[in-house]
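Next come two complexes, and both contain subunit A; in the first it sits with subunit B, in the second with subunit C.
Now for the complex of A and B:
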């Protein structure tokens, strides 16, 4: 390896090996929800006839496991990267990961054995109406166990940071108010903002779960609108924080591919402090089609969604383009994949902002336009950033470099598969095809052809992914032995 | 042009611009660095910031004029809609062309979606059907024909079969 980025974190054997074990597990586990996704598109495309009765089970587990795996991997990546500056506790790291694995297994049991095919967002009161009684308890408990795992982990990371920096320092307030103070790396500031938001939304999820338990244990009937607000402030924020956790690491390491760095400063601090507020209000766009929600709240949702877009475009994306255009970059597999993932995040972000516009949402929400944009910025954006960092780490821990064919063949293969799969969602959105349909009605039969093409594209992606996974796992194993 | 097509075209154009920007920057990074430094480009950030903010503010206020929430004036006809696993019950399934119809949408069991499609399969508008609440959706039908109503919120194992229709004469 000509460059070493993670030399300090690699020295911490406990953090390093725990991270490598989780990364290895997540690379393999990812195949499970990915296979569910493939099966769903195959069923919709009439390529599979025998698994129709499991479609909504696949749908539920696909969403839960994907968010669970990538959110946890983002946390692991952050923990690993932060260990350059602070000392997270290995014990808590392992406890959190163990809880998350248990939670994921419980959710699988609840969905497939307990028949809790509720969709990942378990929109009230559907979980009270379907599945077995045991399945209901296990399903809600699985969300609780996952939440406890993430909560403990987030608190531990914040405590580790607090041992070295004060809260005003970590939030960059001395930059904002023009006071003197020590330099705080952007990774610390972005991590703190994200972790605070994560803790807030997990606490909201606790309220949601308690309300469910109250209804199960008594004759109380919950308010559907309140429950919907609670589930989306949790779900939306967790999914977005997933991206921000990775962006924190991105700010630290991406400029190193050009021999530079992103420095903290007044504007960056203002933006990330604003993001903390913006992100907690953007979720309202999930409730645009609930006309009984106060109209001013709907407008706040659109304003906050646009605000998140302004912050992303004028800071992170602008900085990346400005940096790359003025530096001689070392374009290897990892840096190229990172650069592409920022482009995909931007493309998906544009589609998301379009959907966050109320009159558009009125005619496109709950069509395939929605999975189109979130798969673009979440999967080919955030998750791909994690994969590219995994590759860098794999090369560094093993001392093995990359082969030239990876850039020439593997990258185009992955990109072609992912793009084909995504485009079919966008075409579906164009033709008003509803999302979450096991079979498309004859009046909307274009959806079937798009689903079929998407299934073939996923196979193309899988071919590349299996090769990538094998190469990373081989390097991780070598790294763990040294 | 229907809104979905306009949106798709806007997204395609945006995507081409984004890809072009990233490709140009990528190619630029492979040649010898020019005299333009990161600091110089960084100083132009505010100009870009103001352009983006003005664009978003303009979009925001334009969008507010077209939201489906306004219920000024009286609708020509009111149709009650009850959504339940896995069917819709409408108080009336035939309406006259050109009239402003207000659908009062409620749910009996779980949350459903009420999506109105024209005969060409284009989504004209939607609203959620939520237990304990009545959502009011107004649509004016300017073309006679058969309009399909599909459930657009996942509601259980037969969600994809939950549909009905409305005839506009």
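Now for the complex of A and C:
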């Protein structure tokens, strides 16, 4: 390897090996929800006849595991990268990861044995109406265990940062107010903003779970609107923060492919402070169709959705474009994948803003447009960035380089598979094909055709992914032995 | 400090859980009132046709009731008087579900209730063979107490709009003015944008003042944004612990 980006984190054996173990596990675990996704599209495409009864189980577990795996991987990547500047505790890192693995296994049990096919956001009152009594408790407990794991981890990272920086420094207030102060890398600032929002979300999830438990344990009936608000302020924001955790690492390492760096400054500090201020209000766009939500809240949701997305995304996208056009980039497999993932984040983000626009939302929100946009920015955006960093780390810990065919053949293969399955969602959305349908009636036969094409595209992606996974795992194993 | 916090949380949830009950209202809504035959003072009529003349509030009672019928109807009378002052256009129909009741009994009952606007209040009986049809259609159940001969039953208010469609059913004694205003709006086909489907819900983000048509922020909103305040305090504490923040400055 001619460049070493992660040389300092790699020196920290405990953090390095824990990260590599989780990354290895996540690469393999990812195949489980990915397979569920493939099975769902196969059922919708009439390629599978005998598994219809499991469609909503797949839907629930697919969402929960995907968010769980990639959120945890983003936290692991951030922990690994932050160890260049601060010292997270390895013990807490391992405890958190263990809790998350236990939570993930519990959720699998609850969905498939406990019959809790509620959808990943377990919208009230579904968890009270379906599944077994034990399944209900295990399902809610699994969310609790995952939450505790993420909460401990987030607090530990904040404590590690607090040992070196003050709060105003980490939030870049000295940049905003034009005061002198020490230089704070963007990764620190974006990490603090994201971790604060994550802790808020987890506390909200605690309230949500308490309300569920209260209803299970007594005759109290919860307010459906409150429960929906709680679940989306938690779910939407956590999924959003997943992306920002990776963006923090992106700011640190992407410019290194061009021999430069992204410096912190006034504009960047204003953007990320504003994200902290408005990100908790953006989820309201999930409730546009809840007519009992007061109109003023819907307007807040409209502006917050635009504000949260536009501030961070636009600034990052223009920074990236300006950077690559003024620097001589080393376009290898990693940097290309990172650049593509920013493009996909942009495409998915624009599609999300379209959906977050009230008049459009009324027509599009219950169609395949929604899975189209979130798969674009979440999977081909955030998750792909993580995969790209995994590859860079794998090469650096093992000392093994990159084969030229990866850029020429593997990357196009992965892209073709991913784009194919995404395009089918978009086409479905454009033709008003509803989402969450197990099978499409004759009137919506287009949806069946799109689902079938998507299933084949997923197979194409799998072919590339298996090769990629094998190469990364081999390098991780070599890295752990050294 | 911890004990105080825990107690506050406990009290909050206990307070929120008071008066839990199940509500099956929605099972009976948006259907026409049954086309049963009713006997009023001067005329026999079809209930459906009667309701189609004007929006109607129906309540079920029986004249020899020694329980809730009279106090409930008296309370209802006083509450409705307020809406009647504001010229809300609806009629009130009190019908008996007791096979033993006659039109004469019901007129005696009318005299005891003595509503202000007598021209808009009607007291009558249902054709005996059709009592079950009607009570089943609105989810009203009653049982005979063999010892006292009394009929055990819940209080009920049924809102029917000018199309003869049931739009609200409220089964409770302490029906609030806010709930009654929702019924007035609903029977006049005015859009009620918010009401708790089940009044026993623990806590909600908003409540709705039906009379003024305004939203009122409720405890649930506090639940949504308290975590943000708590985290702000937590983060400030994390960064202000001197032995942490000062170490590497």
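Just so it is clear, the second predicted complex is superposed on the first by the 479 of 482 C-alpha atoms of A that agree within 3 Å, B and C clash if a C-alpha of one lies under 4 Å from a C-alpha of the other, contacts with A are read in each partner's own complex, and residues count from 1 in each chain.
The working rule: a residue touches a chain if its C-beta (ideal position, glycine included) is under 8 Å from a C-beta of that chain, and two chains touch if they have at least 3 such contacts.
A quick note: this is a predicted structure, and the numbers were derived from the prediction, not measured.
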Would you sort A:155 into first (subunit B), second (subunit C), both or neither based on which partner it touches?
second
Check the residue A:258 against both partner chains and state whether it touches subunit B (first), subunit C (second), both, or neither.
first
Who does A:181 touch here: subunit B (first), subunit C (second), both, or neither?
neither
Let me test your reading of the model: by the given contact rule, A:207 touches which partner, first (subunit B), second (subunit C), both or neither?
second
With the two complexes superposed on chain A, say which partner A:441 touches: subunit B (first), subunit C (second), both, or neither.
first
For A:233 in the superposed arrangement: first (subunit B), second (subunit C), both or neither?
second
Name the contact category of A:224: first (subunit B only), second (subunit C only), both, or neither.
both
Which partner, subunit B or subunit C, touches the larger number of subunit A residues?
B
Just checking: does A:199 make contact with subunit B only, subunit C only, both, or neither of them? Give me first, second, both or neither.
second
Quick check for you: in the superposed arrangement, does A:290 touch first (subunit B), second (subunit C), both or neither?
first
Both partners, subunit B and subunit C, contact subunit A at residues 223-225, 291-292
Tell me, which parts of subunit A touch subunit B in their complex?
53, 56, 59, 117, 119, 123-126, 129-130, 223-225, 228, 258, 260, 267, 289-292, 295, 298-299, 302-303, 306, 309-310, 313-315, 318-319, 321-329, 331, 339-340, 342-343, 346-347, 350-351, 354, 357-360, 362-367, 426, 429-432, 434, 436-441, 443-444, 446
Can you list the residues on subunit A that touch subunit C in the complex?
155, 158-159, 162-164, 166-167, 170, 196, 199-200, 203-204, 207, 210-211, 214-215, 218-226, 229-230, 233, 280, 291-292, 294
Contact footprint of subunit A on subunit C as seen in their complex:
13, 16-17, 20-23, 193-194, 196-198, 200-206, 215, 220, 223-225, 227-228, 230-231, 234-236, 238-241, 244-245, 247-249
Across the complex, what residues on subunit B touch subunit A?
3-5, 7-8, 10-11, 14-15, 18-19, 21-22, 25-26, 28-30, 32-34, 36-38, 41-42, 45, 48-49, 52-53, 56, 59-60, 63-64, 66-69, 85, 109-111, 113, 115, 117, 121-128, 130-137, 148, 150, 152-157, 159-160, 163
